[in-house]
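Consider the two complexes below, in which subunit A is the common component and subunit B and subunit C are the respective partners.
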Partner chain A sequence: MRLFLHLIKLSILEQATYRTALVAGLVTNFFWGFFRAAVIVALYNGRSEVNGLTLEGALTYIAIGQAMIAFLSLFGTFDLMTTVYSGSIASDLIRPVPLFVLWMARDLGHSLVNLVVRGLLLLLFFALFYPVVMPESLLGWVWTILALAASWLVSYAWRFLVNLAAFWTPDARGIGRGAYALSQLASGFIIPLRLYPEWFSRLCHLTPFPAMFNTGVEVYLGVVSGSQLGWALGVQGMWFIVLVFLSQIILRAGIRKLVIQGG
Partner chain B sequence: MRHQLSLYLRLISIQLRSQMQFRVSFWTDVITTGLLNFSYFFSTYLVLQRFGSIAGWSVAEMAFLYGMIEISFGSMDMLFSGFDPDSFSRFIRQGLLDQVLLRPVSVALQIFGSAFVMRRLGRITQGALVLIFALVNLPVHWTPLKVGLLPVMWISQIAAMGALFMAGSTLTFWTVQRVEAINILTYGGVEVMSYPMTIYPRWLRGFFTYLIPFIFLNFYPALYILDKPDPLGLPAFSPFLAPLVGGVMLFLASRFWQVGLSHYQSTGT
Partner chain C sequence: MSPIISVQHLYKRFKILQRRPGLGGALVNLLSPRYSEVSAVQDVSFELEEGEVVGYLGPNGAGKSTTIKVLTGLLVPTSGEVHINGKVPWLERERYVREIGAIFGYRSTLWWDLPVIDSLELLQPMYRIPAERFRSNLREFSRLLDLDSFLNTPVRSLSLGQRMRADLCAALIHEPRLLFLDEPTIGLDVIAKEHIRQFILHVNRQRGVTVLLTTHDLADVERLCERVMILDRGRLLFDGSLTMLNHRFESTWTLHVDFEVEYEDVSLPGMDPPVRQGLHAEYHFDHRQVTSAELITRLLEKFRIRDLEVRRPPLEETIRRIYREKLLIN
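On to the complex of A and B.
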């Protein structure tokens, strides 16, 4: 555990050195929020509520999406893949920490920096221009933090799994892009899941992807409340466990196959 | 000129051969790139099942806007791959531009020939499919002028977006690091142009009318082709300004490129 915390700390320091990149990312995500908010306003076209999501709620949904791009790595990550190709995975494999945990610490450090800089700041700026709603009670905040933490876990496990494709093909980036396209669509990042036709959002809810994003935002907005809260978090936990389990099996098969070219 | 062209084609053919080395991963790349981009239209398509239209634009009309700009951006991204600020900044950082400067051929030509990202075919193809979907489902009253406007839009959009790539790369002569803010105009431009411009707040629309006049590249020609009334009351020639916008932007960008190039200082790597 102490090692885990230390790894996180290193990763935080690493990420925090890229200050200009952080600010540039913040600015880009922020402006994109404007473009996307305009689409939502036009879609609502005067309606105050659609399928349980108010206009303010939908705008906040978009703002959180933009704010969480970096925290939840919604566009995907390819770092583990790169180490398979460069061969530096060899030194990671002989470390006294499981690969899954090692990368989790590295990923979490980056994410935490991004949560503060590109997440909270973006929400604050966005609130100057658009109505941004917030949980009404302290308990609401607690549930939100839990749900977002669970979202992060599911997102991490999913990305870890996708990266393992590198063990089987010389360029898994294409597969990665496809996989992340799917998760962006089905997680609600592109458009809030509630605004899709019923059949499609129901289809999405059969996949792990809503647990990566949609659940966290709906808990924040209070759209999911009361007795549904425990259920929603349970589903997130279930998907995390499933993804971890899957990735461990695949990782084991991958390592057996792995050949590191000397150098 | 002919020499230059054959040199360019030669450089590109080398690029293509190297990209085709891993055939399977090349095609998965093409397909997944296409799917990635298509997922954006697909979600618009789905959401319009619930809402019917956006700012008075039906699914098929939205498909027209989207398909057009996607084809153009994909083509531009392929043609101007070398000027992609992301890859060009690497060129600068690693000092590769020094080699380029030593050769007795135009620098711009070499940069054009330095990359040709074939997997953009995926993006172009999905854009083309969406455009076909639009044209099949829309009762367009075709006239020679409307038919001619389609390729003009395409070329103008390529020129305008390419100009932004070029300008973005030129900035790295000073900054060395890529300037991420340019993405708001390039990738953001595609996003903005794939929707009817009336949905944007007045200040944003003003920006895209008078400063970076994206509004004339896709929205106005589309209004004309689809026989939709102009909701903004701009002059009647507005649908035909695309080539002017594309031409001027590309001209300005190439001048800027020349200025930047003469200010280039190697990183020494």
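On to the complex of A and C.
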């Protein structure tokens, strides 16, 4: 645990050295959010509610989505993949830390910096221009934090799994891009799941992707409430465990096939 | 005492995708990939005793790095047995790597954007090194490797020599019994190389660390290793002491002579005539047929001599001959 915290600390320090990139990311996410909000306003076309989601709710959904892009790495990550191709994975394998844990700490450190810089700041800016809803009670915040933490876990486990493709093919980036496009679509990031046709959103709920994003936002908005909360978080936990289990089996097979490049 | 490293009949074969040229070729590749097999390591067996420093030599592509990667648990061999510290590296890698240190010369284990000290301090909880022990090791290694001046510098701003010294510290701070070095002096200047060699000797002498190193710099070998193994095209060609290697392969020695006065003829019966330049002459001779003492005695009997020097060919020359002439392949 001390090691894990230490790794997170280093990773935070590391991420904090990329100040320009952080600011650039913030600006980009902010302007895209503006665009998407405008589209939502046009789609609602005067209606105040669609499928149980109010206009304010939908706008907040967009705002949260833009704020979480970096925290939840919704566009995906290719870091582990890159180390396989460059051979620098050797430096990680030579250390007595499971690859899953090592990358989890690194990823979490980066995510936490992004949560503050590209998450909270963006939300604040956004609130200046659009109505942004907040959880009404302290308990609401607690559930939100739990649900977003669980979203992060599912997102991390999913991305770890996708990166493992690099053990099998010399260009897993294409696979990665496809996989992340799918997870963006089915997690509700592009369009809130409630605004999809019912058959499609039901299909999405059979995958782990809503647990990566949609659940967190709906808990924040209070759309999911009361007895549904426990269930929603349970589903997130279940998907995390499934993904971890799957990735460990695949990692084991992958390491046997691994060719360390270079030298 | 049982050996600390035991390698028996190690084989590693790689499948390599053969790419066909052109766009059509790329399409065919996708549908029916064609592989060729390359044997990187073939039937390699050796043992290392605790406390040895062994040089693992061979031309590029000989299989040195592949062997090191298998021994450090990074690669699973095609067949063969490896026992190190009583463990099979690739079967229990995470536990096994606690007991070893490793350096791959061309890459770093340090956090690129952070000060050196941050990467080093991470190792304390990682290897669960007692805090006091960690401090004293860090102090000792900083002194020996001269790290103090750049401990707070980000790794990306270090010179290659500084980075390598920091990496050595990171490889040894958890006090492994075994150290694997894959080209530890690659690309360094003479002073940096010497610094690193001294440090390796120190940890070997003072702490009894067993060292297996690959290098292309034979000065490393002459300075550090009593024993060398030579690998070519995946096969182990030679395994023995440096003295033995010299004895077997460096046949032609040279005797340099400076005469007091000019002589018409300085050749010796039964010897090749020397190469002459003024008062200076060089006699090439096979030291296995005639000893240098015998040669010198004969010269002193016939001529007035001011100076004598026996030169053995540099190790480099010997190794080059072994690679080139495939002297070891039967």
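Going forward, the second predicted complex is superposed on the first by the 261 of 263 C-alpha atoms of A that agree within 3 Å, B and C clash if a C-alpha of one lies under 4 Å from a C-alpha of the other, contacts with A are read in each partner's own complex, and residues count from 1 in each chain.
Rule of thumb we're sticking to: a residue touches a chain if its C-beta (ideal position, glycine included) is under 8 Å from a C-beta of that chain, and two chains touch if they have at least 3 such contacts.
These figures come from a predicted structure and were not determined experimentally.
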| query | Does the superposition put A:Pro197 against subunit B (first), subunit C (second), both, or neither? | reply | first
| query | Which partner does A:Leu182 reach: the first (subunit B), the second (subunit C), both, or neither? | reply | first
| message | Quick one: is A:Leu13 in contact with subunit B, with subunit C, with both, or with neither? Answer first, second, both or neither. | response | second
| task | Applying the touch criterion given at the start, work out whether A:Gln228 contacts subunit B, subunit C, both or neither, answering first, second, both or neither. | result | neither
| said: Quick check for you: in the superposed arrangement, does A:Val97 touch first (subunit B), second (subunit C), both or neither? | reply: second
| When both complexes are superposed, which of subunit B and subunit C contacts more residues belonging to subunit A? | B
| request: For A:Pro170, select first, second, both or neither according to whether it touches subunit B, subunit C, the two together, or no partner. | output: both
| Of the partners subunit B and subunit C, which touch A:Leu43 in the superposed model: first, second, both, neither? | first
| field | Contacts of A:Val259 with subunit B and subunit C, given as first, second, both or neither | value | second
| query | Where on subunit A do the contacts with subunit B and the contacts with subunit C coincide? | reply | 170
| said: Which residues of subunit B touch subunit A once you look at their complex with the stated criterion? | reply: 22, 24-25, 28-33, 35-36, 39-40, 42-44, 46-47, 49-51, 54-55, 119, 177, 179-181, 183-184, 188, 191-192, 195-196, 198-201, 204
| message | Which residues of subunit C touch subunit A once you look at their complex with the stated criterion? | response | 14, 17, 65, 69, 72-76, 93-95, 97-98, 100, 102, 104-109, 111, 113-114, 118-119, 121-122, 125-127, 154, 182-183
| said: For a test of understanding, state which residues of subunit A touch subunit B in their complex under the given definition. | reply: 20-21, 24-25, 27-28, 31-32, 34-35, 38-39, 41-43, 45, 50-51, 169-175, 177-178, 180-182, 184-185, 190-191, 195-197, 200
| field | subunit A residues within the subunit C interface of the complex | value | 2-3, 6-7, 10, 13-14, 17-18, 87-88, 90-91, 93-98, 170, 255-256, 258-260, 262-263
